[in-house]
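Next up: the structures, one after another.
What follows is a pair of complexes built around subunit A, which joins subunit B in one and subunit C in the other.
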Partner chain A sequence: MADPAVMISKAEILKMLAELMKDATVFAPASNGKKLDYMPVRNVEDIVFGDDIPYKSPKEIFFPRTEKIITFKDGDAEAEISTEKYVLFGARPCDLEALDIMRKVFTEGRFKDPFFEERYNNTLIIGVGCVDKKPGCFCDERETDMGYSDKCDLFLGAQGAEDYFQALHLSEKGRETLGRYIDGLRTFQNTGHEFKPAHTLSIDATEEELFDKIDWESLVETCQGCGMCTYICPTCHCFGFKDVDEGGCASRYRNWDSCMFPKFTLHASGHNPREERHERYRQRFAHKYLYVKKNFGAVACTGCGRCVRACPAGVNIKAIAEKIGEDLQ
Partner chain B sequence: MIYEEMTNNIRSVCEKLLNSNDVEVIVAYRGGGVEGMQIPYFAKTPEDVQNIEWGDRCYQNIAPYVHGLSKKVGILAKPCDARILTQYITEQQIKRDDVYIIGVDCVGMVDENGDPRPGCPDCMVRKPPIYDEYIKDDRVDSLDLSPPASEDGGLEANFERFRKEIDKCIMCYACRQACYGCYCKTCFIDRDLPDWQPAEIDAGTKMTFHMGRTMHLAGRCVECGACEASCESGVNVRYIIKEVTKFIEDEYGYSAGMDPEQVPALLVNKFDDREVGFLGGETHG
Partner chain C sequence: MNDNPYLPLKAEIQEIIQETTSDLDVKTYRLKFAGDRKMEFMPGQFVELSVAGTGEAPFGFASNPLRNDTIDISIKRTGTLTDVIHALKEGDTVFVRGPFGNTFPVEKLEGNDILYIAGGIGLAPLRPLITYMLEDVNRSKYKKIQMLIAARSSKDFIYFREYEEWRGMKDTEVTLTIDNEEEGWNENVGFPHNLVAEMTFDMNKTYAVLCGPPIMIKFVSQKLIEMGMSLDRIYTTLEMRMTCGVGNCGKCNIGHKYVCVDGPVFNLAELGEMPDEY
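Coming up: the complex of A and B.
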């Protein structure tokens, strides 16, 4: 049996991924031509190692931007659940923690989502630790340890001398994979990893207080409502349905939605409970810091900093959370 | 050094303006967001003025914030922002008297990595076309303002390039939201009747959206580069819009956002128009 803590070299990792590619789609950090992204890779040489973080989260592997879920024909409804095998390589601790929140939302609530669940169960998740904080990152303030997360099957710690990584297997799937593809495992003494979170950024308030005591309009006056923050966020998961007529049968598609869009909660009557942009931002913030915490026990912001880096208008969720904390005192 | 001096000049103009109560708010920039960046800022009191910054990271176009504001505003306008304001005036979206324009010369902006902002290297307008107050940057006088080379590679190559670009698109609409010209209350792509957007977000949907937006910007694009700059996925459809802009310039002699008195090309109805832009219309030469 493989020891839980072993050293493996970069060459061995690449060899393992090349083997895994034979019967699974491997998603790993690679260039999309301009940016680093979690891309389906067919050649291990395309995988980008290093400390840069992909510009968007890997959530769409489990929860695609667009997905045909049901086909209706002749009175029957047939769900199209993916059974494809995936490998996600190089997910950062912020993404792993976020993915675990997504897993809770999609599989532990009142409603189970078989589309997400199947993909999640069919995916081998290999995490990689971060070495440095990037501009905009605030993982330590959101209780995310940039050096380690156990929300995966295999975790590779920081790259050591001679291109060796400390590998920890955290599930049966991970253990089995290591045993199958790596010969002559070198164990190391896992002394554990110490993580002291910085001051924790959280909101200790009721929904009423957030609605009544915070001047949202001036907090997010520069927001353009582009919704990019929600698209690249590792935990944003709102979606909408669209039914279409496709060659004699009806198909139901599920597409991402964004609370930053004016049509997000537009009622058929024409009434919109969140008419203004700042009301929509309030929804985004409260969903992350209040509602998911209440329903699933974890704040749905892991401090990955993507929205902070990407926002064309400089809207900074960390600064906003801090300002709200001050205003509520 | 030069930016510090310009910032001081801008601050003193803004302070005077806010003290005089001629405007309720000044749209400008301050430091913030990710370290080293300069982000949009609304200065409302004379004390706020000390936060205003001007530099080579004033990346974002701030003129669109003026659209729809129902109060008197001051605005720090680099040339592309001033062209946007001019275009809003010609399109009757704002009244010239409702904005106090602090025009500022611009040698081009860089992003957080120090790379030039899309659009900046090709920019041919380095001085604001309209202003009430003018902040000069002597460096613009020595810039090369020759027109950029056409990127037209022929039909097939163009289509291949376009396909590659939209492949990266995640349909978040950041380009639309960042674009000054996309101020429709309901974007065509969001309309249900007719329903322009198929259920599946495939290349066809993306093409409908980007081509639709391009056509709506015919003769209106001021080449600020906001669409490409705001795109987190690194999509560039600006090069197509640029070709349309060039077409309108060549055919109708109209450049967007240069003269508040000029009527926009698409608002002119001429019975002897050759309609070269339409299929079946008279072609070039």
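Coming up: the complex of A and C.
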């Protein structure tokens, strides 16, 4: 871990967030009326502390489910780049690691995605550690340390005695924020902490083996193809465009799409490269566990467990990965 | 290209050329970019073409990359967007992003005989390569050029007006074939894979470049392989739903490759290493 580390109280954190709220939208764990979610909060009292993990990932702050990207004005096209300032508070290590994978996909490929990049650069990211795994979580098996991630500007360790948090600044933006809003920082000797992943859940196979040696049809026969897993996943990033005529002025929107939907790959000719549901599930799985690893050096599954908790049919990606591992032996 | 790969350039339809005369379903659009801008591209690449308010889709360049004052895009009427495009008139505005994708390996092909096999609108993405090779500055780099162009009927050929010119060039042959006999048709009748079997070429000094319906590519490839051509000498160009063009949206993802950035041009050896999801 990076030094120096400081101790800050919950009251100081709330004061800091209240200040940040003056010129930025603060997203933090809060109730959406039904579930805990990363919500835009206007009042720091709405922020829910504690160890519960928000139902959805915070990806839509950076990659909204729908966003206007192009406006056609006076016969010409203009890009709609967001200049909004955001603060993401309370992101869990699994979400931070996932966001970093998404950052790589959108900014380290052969083209940069300016819409994502601007939102990412305009966001102060404050992470917080988890104390316990929740049902469905398998972060440790996916080599994600639930107690720490450096993929943020500031990281708060799990809440300690007397409402104090160990805070680490991991970027200039984080350091500057701490210095500006927190008086009389109490430093502590950061000894770091050891993280030993449980047995590592990864797939060491070629694409050919994954296609030929696995009986995907029976493996995912309960999958309903609803796409819930892709919407709730912190690394899924498939999208499509939709042009809309808005009273004489046309706009182009980018919307989330899902590789689990049959029309996702449908050609105008009627041909569909992934006609069957199990082929689409295989695509989602192979993309996470093989393709992103090959292209960007990291498995695009951080073990957040969201798809496991949300799936209406009980499809469990961890169990599937384990079964595949056995079948490939 | 500008810094934002999603921001399209405005272009004017300078000319619309009716290609097929059977059901009038293929037209070529000659586009000129606003402000006399030019789009530099190489054979094999594609653009994302859109009509504001309707939508966007990928189309291959169909014109000579060395003459890019304008670009040609040939479009078959097949869906919502292409219906709207087919209703456009000369002088109308479209938007274009690009160029995207890899290119035919023009340098690797140098010093070889080239065998083109195209079916229907499959000739469109090959036209940049054909015209690039036939340019005076390039012609000597390639040896014999044979083209086998197939269409459903005599009225379904595209760029028909250019065949005579191509035939008149040195070491250049154009063979035409249609599916069924027609009155007054003096050229070949039959599917391309059967005609390929009758053609003569040096397997070790020829590159084949194919584009057409999947079934044509399959049968012609099989025939060429049977005849002894190696997989890495047979090139084709894949068609997938390349929505973003930049390797992110996921729609053209096959294995760890994205057709929009790693393709659309692949040889059969490369395709053999990819999952069969195209």
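Quick notes on this one:
In the analysis below, the second predicted complex is superposed on the first by the 324 of 329 C-alpha atoms of A that agree within 3 Å, B and C clash if a C-alpha of one lies under 4 Å from a C-alpha of the other, contacts with A are read in each partner's own complex, and residues count from 1 in each chain.
Here is the rule we use: a contact is a pair of C-beta atoms (placed from the backbone, for glycine too) under 8 Å apart; a residue touches a chain by one contact, two chains touch by 3 or more.
The shown structure was predicted, so the numbers you read here are calculated from the model rather than taken from an experiment.
Room for both subunit B and subunit C is found when the two structures are superposed via subunit A, with no clash between them.
With both structures placed on the common chain, the touch criterion links A:Gly225 to subunit B but leaves subunit C unconnected. Contacts of A:Ala198 after superposition on the shared chain: neither subunit B nor subunit C is touched.
When the two structures are aligned on the shared chain, A:Ala11 is found in touch with neither subunit B nor subunit C.
When the two structures are aligned on the shared chain, A:Lys35 is found in touch with subunit B, with no touch to subunit C.
In the superposition on chain A, A:Val244 makes contact with both subunit B and subunit C.
Rounded to the nearest 10, the superposed model shows the Cα centres of subunit B and subunit C diverging by 90 degrees about the centre of subunit A. When the two complexes are overlaid on their common chain A, residue A:Ala313 makes contact with subunit B while staying clear of subunit C. In the superposition on chain A, A:Val131 makes contact with neither subunit B nor subunit C. Applying the stated contact rule after C-alpha superposition, one finds that A:Tyr55 touches subunit B and leaves subunit C untouched.
Figure legend note: subunit B and subunit C, brought together by superposition on chain A, show a least Cα distance of 8 Å. Across the superposed pair, subunit B and subunit C both touch subunit A at residues 242-244.
Here subunit B touches subunit A in the complex through residues 32-37, 39-42, 59-60, 64-65, 112, 164, 168, 170-174, 176-178, 190, 198-202, 226, 229-230, 232-234, going by the rule given at the top. Those residues of subunit A that touch subunit C in the shared complex are 69-70, 72, 75-79, 81, 105-106, 109-115, 207-208, 211, 237-245, 250, 252, 254, 257, 259, 264-269, 271, 273-274, 279, 283, 286-287, 290-291, 294-295. Against subunit A, in their complex, subunit C makes its touches with residues 3-10, 34, 50-57, 78-79, 82, 93, 95, 214, 239-241, 243-244, 246-251, 253-256, 261, 273-275, 277-278. By the touch rule above, subunit A contacts subunit B in their complex via residues 32-35, 37, 55-56, 65-66, 68, 135-136, 218, 221-222, 224-228, 230-232, 242-244, 251, 253, 255, 258, 261-263, 308-316, 319.
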